[in-house]
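A, B and C are the chain letters, set down in written order, and residue numbers restart from 1 in every chain.
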Amino acid sequence: MSSTIIWTIAVITVLGLLLALVLYLVAQKFKVEEDPRIDEVEKAMPGANCGGCGFAGCRAFAEAAVKAPNLDNNYCPVGGNDTMAKVAAILGYEVKAKAPMVAVVRCNGTCAVRPKVNEWGGTESCAVKAQLYTGDTGCAYGCLGCGDCVKACQFGALSMNPETGLPEVDDEKCTACGACVKACPKNVIELRPKGPRGMRVFVSCLNRDKGPVAKKACASACIGCGICAKTCTHDAIVVEGNIAYIDASKCKLCRECEAMCPTGAIHGVNFPKPLDKDAIKERIKIRNQKAKEAAANE
Amino acid sequence: MEKLLVSPNPHIHAPVSTKTLMRDVIIALIPAVICSFVFYGWREILLMAVSVASCVLLEWAITKYMLRKPSTIGDLSAVITGILLALNLPYSTPWWVVMIGAVVAIGVAKMTFGGIGQNIWNPALVGRVFLLVSFPTYMTTWGAPKGFVDAVSGPTPLGAIQEGLMQGASVQELTSAFNYKDLLFANLGGSAGEACALALLAGFVYLCCRKVIKPWITLSIFGTVALTSLIFWGIDPSRFTDPLFNLLTGGLILGACFMATDYVTSPMSLWGGVIFGVGIGFLTMMIRYFGSYPEGVSFAILIMNSVVPLLNMWFHQKKFGRK
Amino acid sequence: MSKRTFSIGGVHPHDSKISRGCPICPLPLAPTVYISVAQHIGAPSVPCVAVGDKVKVGQVIAEPGGFVSAFIHSSVSGTVKSIGPRPDLAGRPVTHIEIAVEGDEWADGIDTTDTLITEIPSDNKAIVEKIRLGGVVGLGGATFPTHVKLSPPPGSKCERVIINGCECEPYLTSDFRTLLEKGEQVVVGAAILRKVMGDVPCTIAIEENKPEAIAHIREVIAKLGYDGIEVMEMKMMYPQGGEKQLIDAVMHRQVGSGALPISVGAVVQNVATALAVYDAVQKNKPIVDNSVTVTGECFPNQANLLVRVGTPLRYILDYLGGIPADAAKVISGGPMMGRAVANLDAATVKGTGALLLLTEAQTRRGEESECIRCGRCAEACPMGLEPFLLQKLSRNADVEALEANAAHDCIECGCCLYSCPANIPLLDWVRLGKGLAMGAIRARAAAAKAAAEAAKK
């Protein structure tokens, strides 16, 4: 009995030692010399492997960052400035802080304002739909509503609102990795600066048709009337090809354009107070009058 | 017409669906079911009812409560699994053993992989082999038939021969006890589905005519079994059984026609299918001649099922205008 | 000799040629036509008329915008009302020339009589130039400019001209009616084509479900006494009318991936194209109209109409009694490869061969279920591809694997989705995958070209 136990122990011990030796030799033989900083950088990464940085994953990003002469072309949008500060500290580089970004859906053609003109009977995929035709609404530019962006988002930040038929972005969960931007065949989604406390103003429409055509397809389409650009005192709005665009870097969040937009295509979000259109219109009126008087005086 | 329907081409569809294919397989099994009823009586039908009901119920429950997907029982594949499982068991199997088989077939072999289309092994066969290993007594007890014709009860022909060979008898002596007409029309003992080889073959012909299955898998199994046994029988007829005997016994026809041709667990290409069939035939004969189980079809099919992903990877269709 | 067909895959949809008995009759002129400048593969044409201009039937209104491009002629006489973007049948804005119809005055030099002219001009270059000036494009579906096809690259040699009269798509009957009613013209067109390609033999391929056409064309060939033109009776099989499939069926040669038919010595032209070639060369008549089958079980007034290019689809359907209440889908083309119409105000183009109306029950896709790995899609694929695999790769956007599995060889015939018992939208995904693979191949070719040029410098 006891000899059995002893033999068992002996055999297992010898086997263990032998295998350990083999493992050691193999590990030595196939050892790859790697910059230890790659591991460190990888540890500092969020580990989502989303590809938002343009590399295949966090490890690939780390390898590229270690090799790169500076961090100008390597930025992890998911980890943001905190992560990049850590990476910079490990590598001894400087990093420029970037304004946090967020995905913005630039279409407000809800089912209510943008009626369907035909019925889609193919696969529920925006890519397939876009390949075939302009979509089941009269608007050839807006959201197709099949949720490719939702499927592309790894962070659960996007969801389709069944009532509007449009995707909605959860600011808290969005990491600005850009997967949805790539997935959208209509380029409806744009990464824009999040803005102070999430406040931002943007044109939620991409319809480049002439006013009446756009209006017929969607009641809240941008008709390219240019009122917003005229109203803006910060030179932040450009109207080109029948569509307005707000330059986030110049926008001062005064919301005057939003109040003046005749179709409601301009959206302001996360403002503490609801938009008081009348007050703003009054303010603009007074300002215009004063300007007129000043011009007349001269 | 309110709004135009728009979708990519093609705009029409062949009159075929998973359900119609499965319905055809069920129709093809009807002769075998009738034969098993004739030979083994009401008990066999009851057994089949238990088997089908447990398979369908289990699939419904798993899709509804565990996978939380739309139910897939409408495609009738669970019904086929139930029928095949029952046909693969002795009619005397207790009902609770059949239910355990159904749990293994549907719950383990099919739904754990994600349901129809995802499983690696034929569910009914996994159920059967599980029962064979777990309840060998029930699975090899062939009680006296209570059907409507005089069928002989007793061990399966292959079982009898292996038993006899161990006791030193020669194959010629042992096979002389069976005549081939019996084997073709009414098996002497064995699983319910083996009751009548002709009924199974009729179903196979029906499936081929309806273009539900391609015959090459089945034919290459038959061919390989015949060839392998011909070689061995030619070498030593006193130790090895003859080709016709091997073709007609041990559930080979049931396995080759209905189990090996299961879409999900067989290769898609012609040459993949042929190799799959050759593998099954060869392994079956090896197990029969040299293994400890007298019947090898189930094991052979399951082993070759495991190779299917490789066969699908290796054998592709010939592409147009390419070498 | 047994009837020929192509060697890989194919399906047998019911042929449903319910409008085969309707003779081709001209559609009354629409009050306004909208003529697209993108009626062919290649660069859009450039309008050469201005708003307010008076035009006649057959007058050039747009000139080629590149080598692979075509002339476009006014299909009516009247006044140019506007030139600007207008949604096509898929809703995409395309430049159209709007012409208000006034009378029906033809441009000078066009022979509008029915006299058959069998004497073929002797100068091949002049013939090809006439075809180019006539705006002739392939009317079998791809609308590839015909004069480009007839000018093979140096070094390649044509051995056989094939006239495609298969019309393998269910429902369509316009080619069949053309063969019956304009058989002489088609045969003379075929004779012109084979002469241009260097007096090579010519095969007119017709499927077995059109015995009247086969007999008639054989008769015509005998009557006209042409040698070198034969009629080949083909087995019924879809997609026999596919260029590569037809060459395989007729000549037993397979055109390689990405290669042109001329690489195996074949030039394929559709029946309607042969007729257009006859009109352009013998009659100086450019493409201003084409025959359109309007059909569907739910549509009572089936017809084969001779329609002027640019006629709004709604006008055609209204002329025949409007869209029935139970029609769910209007398809421009056949049920296998046609395009669903999203915009009925779109106008016909040269390549419009049919308007098919299908009911909800006929055309609504079944619910998608799990793949049961039956392999029917791979069996049906005439290109020998594996759609079940390609669709998965496409969903994962695995470009490398898509290319390795030849996604770019797909001809979009629809056999895979047609035969899938699980209703998996195979072609939807494979088409996307094809785009990805083609993109990768093109990008590589462009990079290689750029590198070669850089090396030269």
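Rule of thumb we're sticking to: a contact is a pair of C-beta atoms (placed from the backbone, for glycine too) under 8 Å apart; a residue touches a chain by one contact, two chains touch by 3 or more.
Owing to the predicted nature of the structure, the values given are computational and were not obtained by experimental measurement.
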item: Label of the chain whose CA centroid is most distant from the centroid of chain B; value: A
item: Most centrally placed chain, judged by C-alpha centres; value: C
item: Winner on C-beta contact pairs when A-C is weighed against A-B; value: A-C
item: Averaged-CA centre spacing for the pair chain C and chain B, given as whole angstrom; value: 49
item: Centroid distance [mean C-alpha coordinates] between chain C and chain A, Å; value: 43
item: Whole-Å gap between the CA centroids of chain A and chain B; value: 54
item: Contacts with 2+ other chains: residues of chain C; value: 329, 339-340, 342, 363-365, 425, 428, 431
item: Chain A, residues touching no fewer than two other chains; value: 117-118, 121-123, 128, 131-133, 136
item: Two or more partner chains touched - positions in chain B; value: 4-8
item: Touching residues on chain C, where the partner in the complex is chain A; value: 87, 90-93, 329, 339-340, 342, 363-365, 425, 428-429, 431-432, 435
item: Interfacial residue positions of chain C with respect to chain B in the complex; value: 8, 11, 13, 170, 244, 248, 254-257, 259, 323-331, 335-342, 344, 356, 358, 360, 362-366, 369-376, 378, 381-386, 388, 406, 409, 412, 414-415, 417-419, 421-423, 425, 427-428, 431
item: Chain B contact footprint on chain A (complex, rising order); value: 116-123, 128, 131-133, 136
item: Partner chain C, residues of chain B touching it in the complex; value: 1, 4-14, 16-18, 20-21, 72, 75, 77, 114-118, 263-264, 268-269, 316-322
item: Residues on chain B engaged by chain A in the complex (per definition of touch); value: 3-8
